[in-house]
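Presented below are the structures under discussion, each in the form of structure tokens.
After this come two complexes, each holding subunit A, first together with subunit B and then together with subunit C.
And now, the complex of A and B:
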């Protein structure tokens, strides 16, 4: 098991952890930076200043308690639905690929794709919000039509690693996927 | 066959001068419509001209439309960019239907769309 530091597409530090469970099973996990205290306090003070300004305007003290309430609910929903702590990829040679996202509140969301549907794992580049980014994606095929690509599943959407990290993940996945060709199905 | 060149020609000079005169005429007419009081225009017999409100409203409409047009174009571009999970980032109808030409010795290979798996293997698999 090894862990290496990289940078995300936006410049934030991320860490890639590789674990080899067996000859045909590997787990790659990308850990995103934690919620920063300075950004949290900046947002909190901005919301509370705006609420105080509204209170000075309207003389209604409900605005202040409403602002505290909104702040708490907003923080909980952000941690539970938006802020991703770790994204991991588990490649099992003969079985399939499992993609897991763990949120900051502890929630985990998992997707499993069986090996007969997986055509390849590639690094694709695409235009995303005025930038061209590299991202890793799983190409899915219809098992009855091995030539066509039926779907594209992008991986590591919120941590957005840069090309050096993606190349490491790509090489690890290709070593496992190459075993598919040598072992007859 | 008339060749297309940007060189000056007598016809182009005439078109240019006609446009020049026409745009000056239009501008003077617009100034008269905007500034000359209505009573003077009525006394001249021109009673059915549009309201002077439009002499101010139309330029404002035009400028706001141009400003919104910039934002709209930007937005339309962003909306028509394929999302990251669409197959159009990898292939399209033409590439899927292409036919392989037979490989000939000593000849340059025919132009074709190389599948993304091959491109990735060539770029990223060789050890540094």
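And now, the complex of A and C:
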């Protein structure tokens, strides 16, 4: 198991952890940048300042308690639904690829794609606003057309690693995907 | 290819024995269904397996050996197990052994006929037999099965789920049964049955046949020539109650058809229709019991006439306002008075008719209210029809205003063309220049001026009555929306998703368990109701089926799509 540090597309520090469970099973996990304390305190102070302003205007203390509730509930919902802590890719040769996103509150959302549906794993370029970004994606095979692609599943959408990290992940995946072509029946 | 062994988690603590299951060669996976314990007679085992194969059509065979030794490895047992390989020959011969309380098992596969000396990699996947058996991980597209499709299906995990589900009969033997062979597999806690469910199952066949007969009678009557004459057929098409009744009739036909549902989607559809009908009738009966208590129908009938009077008075006030100077606009007095008086006379006629009908209203309402027992949707449709009938005069005004306005616009456009010296060529469907005579031009310009200056008055009347009509249409539309919602809400799927989500399972999750060098990779396969993001065709096909039933109901289609995606997500 090894861990290396990289940077995300936005410049935040991320870490890639590689684990080899067996010859045909590898797990690649990218840990996203944590919730920054300064941004959290900035949002909290902004909300509370606005609440104080409203309180000064309306002289109603319910505004303050409402602001506290809104803050708490907003934070919980953010941690549970929005903030992704870690995105991992589990490649099991001849079974499939499993994509897991774990949220900051502990929730995990998993998707398993069978090997027969996977055509290939590639790095794509995309033009987003004024930048050119790279992203890793799984190409799914069209059942009716052996050469066609039915869908593109992008990976690591929250952590957005840069090209150097993506190349490492790509190489690991390809080593396992190659096995299904070389091993005869 | 990597060899995958699917081992049921309930057999982890079983005594030593031989493994029986199914070998799927395309995926190079062995699905182990049960463990047969010592002592056994090989001939009897082979007989039992061939019987199971005949019943379930799954090729069950002996796949290997399982040894669970509490103490140190017993040499004699291992030799005995290897000898078994010669009796039940299977390629590859799988040997799984567990020592003491160790978590890590050793697994090896012997291939006699291959020259490959390199040891192939083995992955051990634990699965929960009950969940895999009960879940329906079917391929989403129900295209015609061809050999290609079947070959493709064999490559998917659904083949494994299918194998376990089809071998249900194998799991029916109880561990306390005294038979020639002792099996270990998932044991059910006993067949849960309730006498009511059993009776209902027995009674369902004659009930279905009776229902089919009655429905065929009713549809025969409906389709007869008598009801196709012009006034009646026009009436049927306008009343939404008849449409709703026809819709429900169709639903009943779907449920009471005698052929069993072929696949999962048809079963879910039938179940959804059945639950929706049941809820509908229950709500309708509740409504009926509420209406008929404390003489509420009488109160309703009593308030109906004053409400109609009030509406008529409001309309009269509106017309008086229009006949004056509405919103400060200056109308053409003569035309204004004519139109205003014309509409006022209509309202007067309408009020007289309503007053004529007033003694019979209570009785009519009483009998019509009885039809609420057919369902809440029918009651709502009747309400919508009553609203349409009571506001019939608004509809008439709208039609008059619209016709007048349309004629005016038509005339204006034609005379405008004459004003400019052009004509509409019907043959060529375009505007051509035309030379008119002087008297034609004179009269045309005169008429054009008259129509143009009368335009604001007509336009205002048209606008006012269109808005009124729109209001009535919105109210009716809301009622119809509610009716469509009750019709097409897939309640059964929602309840299934909340209570028994593994039956709707459409995805699996793998977890890697602790590893040790030299031992095979261990994975735990969990069934989860998370559907992978691709493959939306199933939900779209289902939503389209609902849409085809009721073509005007686009909003209900959106609702159904949303709910289906939530339910199967």
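Simple rule for what comes next: the second predicted complex is superposed on the first by the 179 of 185 C-alpha atoms of A that agree within 3 Å, B and C clash if a C-alpha of one lies under 4 Å from a C-alpha of the other, contacts with A are read in each partner's own complex, and residues count from 1 in each chain.
Here, contacts are C-beta pairs under 8 Å (C-beta built on N, C-alpha and C of every residue); 3 or more make two chains touch, one makes a residue touch a chain.
Predicted model, so just to flag it, every value in this text is computed and none were measured.
Asker: Looking at the overlay, does A:135 come into contact with subunit B only (first), subunit C only (second), both, or neither?
Answerer: After superposing on A, A:135 lies in contact with subunit B but is clear of subunit C.
Asker: Check whether A:153 is in contact with subunit B, with subunit C, with both or with neither, and answer first, second, both or neither.
Answerer: both
Asker: Pick one for A:174: touches subunit B only (first), subunit C only (second), both, or neither.
Answerer: So A:174 only meets subunit B here.
Asker: Once chain A of both complexes is superposed, is A:122 in touch with subunit B (first), subunit C (second), both, or neither?
Answerer: Only subunit B; A:122 stays clear of subunit C.
Asker: Give one of first, second, both or neither to describe whether A:45 is in contact with subunit B, with subunit C, with both, or with none.
Answerer: A:45: touches no partner chain.
Asker: Could you pull out which residues of subunit A sit against subunit B in one structure and against subunit C in the other?
Answerer: 150-151, 153
Asker: Under the touch definition given earlier, write down the residues of subunit C that touch subunit A in their complex.
Answerer: Subunit C residues touching subunit A: 1-2, 4, 27-28, 121, 123, 125, 141, 152, 155-157, 507-510, 512, 515, 520-521, 523, 528, 530, 532-534.
Asker: Within the complex, which stretch of subunit A touches subunit B?
Answerer: 119-120, 122-124, 126-129, 135, 137, 139, 148-154, 157, 167, 170-171, 174
Asker: Could you please specify the touching residues of subunit A with respect to subunit C in the complex?
Answerer: Spelled out, the residues of subunit A in touch with subunit C are 21-25, 27, 90, 92-96, 98, 109-114, 116, 140, 143, 150-151, 153, 179-180, 183, 185.
Asker: Which residues of subunit B touch subunit A in their complex?
Answerer: 78, 81-82, 84-87, 89-91, 96, 116-117, 120-121, 124-125
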